[in-house]
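Quick heads-up: structures coming right below.
After this come two complexes, each holding chain A, first together with chain B and then together with chain C.
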Partner chain A sequence: MTDTTDTTDTRVPVLRPRAATPRAAAVRPSARERGTRLLAALFLAPTVVGIVIFTVVPIIGSVVLSLFHWNVIDPPGWAGAANYRSVFTDSTVLVSFRNTLVFMVFAVAAQLLIALSLALTLNGRMPGWLRSLFRSAFFFPLVLSAASISVVMKYLFNQDFGVINWLIGLFGIAPVPWLTSEHGAMATVIIVYVWQQFGFSFLLFVGGLNNIPKEIHEAAALDGATGLRKHLAITLPLLSPTLLVASVVGIINALQVFEQPYVLTDGGPGDSTRTVVMVIYEKAFEQLRFGEASAVGVLLFVLIMAVTAVQFRLSRRFVHYQ
Partner chain B sequence: MSQATLNIGRARYALGPWARIAGLTVCALLTLGPVVWTVSTSLRTPADSFNLPPQIIPTHPSTAAYRGVFDQIDVWLLALNSTLVTALIAVGQMITAGLAGYAFARLDFRFKKPLFGLVLATMMVPLQVTIVPVFLVLKSMGLTDTLLGLIIPAFPTAFGTFLMRQYFLGMPKDLGEAAMLDGAGPWRIFRSVYAPLARPGLAIVGVLAFNYHWNEFFRPLILETSGQNYTLPLGLVSLQGNLGTGSISVVLAGVVLSMLPAVAVFAVGQRPLREGITSAGVNR
Partner chain C sequence: MTDSLLSRRALLRYGAYGAGAAALAGTAASWDRLTGNDIPGRDDGSLVVATLGSAFSPDGIRTLLAGFRRLHPDIKVRINAVQAVDWPDFFAKILTQIAAGTAPDLVYVATEGVQLFARHLGVPLDRWVKRDAAELTEYFADVHPSLVESMMYEGSLYQLPIEFNAADMYLNTQVLQRAGAQLPADDWTRDDFTALLRQLKKANDSHFTPYFWTNRLWGGVVPWLFANGTDLLAESKAPGGSWLWDAFYPADRRQGRGGGFRWTTPRATSGRVEEAYDYLAELIQEGLCTRPEGGNGQNLIGVFSTGRVGVTPAGGFWAGGLHLAGMRADAFDVQYFPRWRTQRHQFGAAGYALLRTSKKQDAAWEFIKYSARLDTLAALFSTNQTTPARRSMLTAARYRESGPAHWRVFYDTLDKFPDTGPIPAPPQVAEVTQVLLKHTGTALASPHSVRPALRRMQGDLEQAMERDV
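Entry: the complex of A and B
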């Protein structure tokens, strides 16, 4: 059975020099074909075996574990839906889902807006060296570790001696309890996350804008389109496939936020910045409730799948492919 | 082409370019500000670290904070652990992604489509959902609290495989066919024709892997329980815990030390890193 599923590359029909000779037309696979299959198996083995052991089996494992009570020390016992029931009545878990969704909405919206406006602004006329300087600056935070950045930001956002409050004090604004009030803490976690992450969407948009043929904008300019109208009517529809990728990746990443709240606030004050992944971590590795932790993990997985599916469904109406 | 028309169009708001550059400069300052502050504070004496307004150029520059870091935590050990883990993962991913990407792009075999579908689907599965069973699998292998436990599960990379497949698909098929006419077998065609051409693509995979795993926090936090297996990010957060808010400059000196390799990779590997990220949104 030959495979012709390769749809991305249909330029040249495959040359099969040996097919012309009668010997190669035999029913049994030729030595070369057997060699190719063996090579394919060897080449794929590390990736496929690794993915099966460390992703596929663990997904099934998570579902199974979520149906058992288990604390590593005692033998596991059947729990049925008990873990899910206790998770759904656990106010910390419910709050963590709400926090994560609130975080996702604001962080992704801010990230996409900032990245898009910077990419569009950068796309205008300016010297090449200046353009690459700006591009490097916006991209830079992305190479730093979220954990150490959060350590730094914890000092910058300190209410009493932090630089941020000193800075806004220059404009006569009273010190803000960034990390010690409920709304302030969530806002700070979002700011820190967006500060580090917007470069990712920014690079996607820069790439997407480069892919738009210059002629289209030139034609639009001839028709008298300018400024905002040009962007709304032409750039955004042409950029919509990139926008879809940026928002899908942005949402999937945002739903997994961990380092920033863990280092900045440890979930507090109260539970106001506790996220779903923090709850998975605490339930599994601090309280040794593996069954409940797995149940929360399965719910997070379902949430991610659902949000992504909704996005692709919605995108059919808004995404235009050239 | 329509350069003149465009220029007339732009002349309508001549303020444009300067306003744009000014806006971008403000944003760049906001982006780099925290980093500049970190470096300058790490060079102040611990006593000066609280000073406001923050001095960008320290009045009494001092490396006391850096000596403090070396006194508090075993920087060399943490750096060695981080280097070992990151380098082995990067090399491992280049090998696994290079091989699998080539197989998906250029070899014929059964179940190619479902297998590739499986690889792509795992890109969607968040690490946190599988971490409990992964921990148990590693425990059964005796790999928890070892560096190997961090390294081995990170070898397969769905994104890297996808990237390398695209990369190989972009190479002309005629090269391999010419080699085949000359009598080269499938292995020779890969080894002598396509693998050497794949170097830039492999560099993208390597740099992406380095950047991600050098900064990785969640898996080491769960897997490494004893201090001698900590990586730099873990050591830093524990440094902060030991000191509370006592001496900012020492903690920030630690942050700067851990950033240095990432900054070096940024300087050298900026282009591969950028291309790796951009290709996530553009080639599909």
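Entry: the complex of A and C
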């Protein structure tokens, strides 16, 4: 844990010798060290090559394409900033960014809350086989195809013929417009998404909880700390690195949501569940405006980078490492 | 790396590593291995024909290929059955193939894509049609001119239609009997339609939906616009086309025909469009039909065949679908769309489009001609999964097993209502469709939301139509 009372600037002793004795930095590594470095480079090479080919090049390609008009059929033509001007004045694009942010906030919050609650519950006293059963059950939706799940959910949540409205109808509740009202549709998309995704955060939290030494909880118990107090003062601070990872991954995934709203609502009613990635798909593959689609993609990339940077910046205050 | 002072020995060593790596990479690159070109049929000189995966049965495709091989043993054909959810999805995948440099020679294209393909990718068939006029006379005599006109663009013909589907009304006869209702008359009106829905609603429980419709370009709001004497976009005809009409159709049947449809100015805020939306909004408010987002074709056969839906718009394709779902031929029937200001119907047709990028255009034309033959279509459409474009194929024998009793409605929709026309499908059809679906959902959210939503639809349509695809 970080000691906030220590005001010593630990960087000074490290930097000064480097500046004062430049030759120290030029000390040649031993043959063994060079061999290790070479081996490390060889092992890393496939991953680096993969990232360059499948991530870096497409990103650069998207940025370049966002400066051209291209409809696949005819040769690309220079557009300059026209695609960006076009998407900034396109109400559908702006609404899709708003929807995506709303989706992200509610979906990630719900996902983390449910995953954390269940992880804490399962971390208590429970037969091993039952704990394994629950873990498998919670993780299971994650390995299923999002599109397949969404097709099934579309049947279940159908207002007129769906099983869910039939079930609640048994209790005298009127049919709920799950997918046919603006707020209902967004809520339903979030429900389906969270149901499928919380298993990932859940597994992270289970791992994080297992890494917290029992001695700390035992010491706190000896000092008279209650269950809630132990969670707030010990579990959560020590779990904060896991929380950071879960929230970063959760937010990045949520900002790229596509299958669930695409299959469940096709972005409707109106534009109420249209997300940024849906707009990218529609502009590119339905409207043949690959330049504009790339411009929206670049904006989404910038948004994800910005949100992630803010998260890491804020994490300095809230994340505690042992 | 901080080791900037590299010794000669280290330099030689790293050089050796580099040479070794290059040798390994070279060996790997030259290793005999499988590539995309090893897929059977790829780049083997075959004529590649792309079809929507679910359009034809495997048996139908086998018959199609075998028959063509007998006729043209020198032309190799490969069917590329592209799996897609719907026509826009299919077009997207074809365009991806074109972008990847693996464009097919022929593409099965429906009305939704006729003008898009004609404008950017298609080859007009005019010169071949003129050359083989004698051979094609029998075909055109058997095919309604409306279908042919829907495949024309700016005076040229781009496809020979081989199938179509008009939006007629399917009725569940068991549901009608339960409510004590009769099959409506040919000339039933919109008010008769509303009264029938109320009668069906009254005779069934709360889980019953009298009218089920799907929010899409074909069979959604547009049939109601047609019935009310309007369209989403102002419709006109391109000049030209007389080369075809004069050669193949008698004077009475070629009257008023032109060089294909033009869809231009959006008219979403016109009074008649508002009326159509108001009418559907009233049906929803009264609980007589599904909301636009609620209805989707995926579960339609299930809910219709089990008596949870009374009436739905569909084409000849549904006869085969319901039969395969186990519905008896007398358990459902079909009638024309009800009359409002007019009884104009909408349809969508399909045929093969020849791509400019094809290097086998003469061979492709032979396939197009072959695909429109009577015996070919009879083999291909054996299960009534669509309405054949050839009138002579619609016989009592064809519908004896699958039904419905009033199967004549399918082709008579063209013959009895000569103004029946194609769905509005300009080259910007993808965006037009998206705008229509999106704002229809909003417009029908409540009785007061129709006008604001249609104003927004008009603005979006104007933007879409101004864009050059």
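Assume the second predicted complex is superposed on the first by the 269 of 322 C-alpha atoms of A that agree within 3 Å, B and C clash if a C-alpha of one lies under 4 Å from a C-alpha of the other, contacts with A are read in each partner's own complex, and residues count from 1 in each chain.
Assume a residue touches a chain if its C-beta (ideal position, glycine included) is under 8 Å from a C-beta of that chain, and two chains touch if they have at least 3 such contacts.
Computed from a predicted structure; not experimentally measured.
When the two complexes are overlaid on their common chain A, residue A:314 makes contact with neither chain B nor chain C. Once chain A of one complex is fitted onto chain A of the other, the partner contacts of A:246 are limited to chain B, with no touch recorded for chain C.
When the two complexes are overlaid on their common chain A, residue A:285 makes contact with chain B and with chain C alike.
In the superposition on chain A, A:73 makes contact with chain C only, not with chain B. In the superposed model, more residues of chain A are touched by B than by the other of chain B and chain C.
Within the superposed three-chain model, A:270 lies in touch with chain C and out of touch with chain B [touch as defined at top].
Once the two complexes are overlaid on the shared chain, A:181 sits against chain C while remaining clear of chain B. When the shared chain is aligned, chain C comes close enough to touch A:159, but chain B does not. Touching of chain A by both chain B and chain C, each in its own complex, is seen for residues 151, 154-155, 158, 161, 166, 285. For chain C in complex with chain A, the residues that touch the partner chain are 2-5, 17, 88, 92, 95-96, 98-99, 120-121, 207, 209, 290-294, 296, 298-299, 303, 308, 430-431, 434, 437-439, 441-442, 445, 453, 467, 469.
Chain A makes touch with chain C in their complex at residues 25-26, 28-29, 38, 71-74, 151, 154-155, 158-161, 166, 177, 179-182, 185, 265-271, 282, 285-289. Every residue of chain B that touches chain A in the complex is listed here, in rising order: 1-2, 5-6, 9-10, 12-13, 16-17, 20-21, 23-24, 27-28, 30-32, 34-35, 37-38, 50, 52-54, 95-97, 99-100, 102-105, 107-110, 112-113, 115, 118-119, 122, 124-137, 152-153, 155-158, 161, 166, 169, 173-174, 177, 180-181, 185-187, 190, 211, 214-218, 221-222, 232-233, 236-237, 240, 245, 248, 251-252, 255, 258-259, 262-263, 265-266, 270, 273-274, 277-282, 284. Taken in their complex, chain A has these residues touching chain B: 1-3, 5-6, 8-9, 11-12, 14-15, 17, 32-33, 35-37, 39-44, 46-51, 53-59, 61-62, 65, 118, 121-122, 124-126, 130, 133-134, 136-149, 151-156, 158, 161, 163, 166, 195, 200, 203-208, 211, 215, 218, 221-222, 226-227, 241-242, 245-246, 249, 252, 255-256, 258-259, 263, 277, 280-281, 284-285, 290, 293-294, 297-298, 300-301, 304-305, 308.
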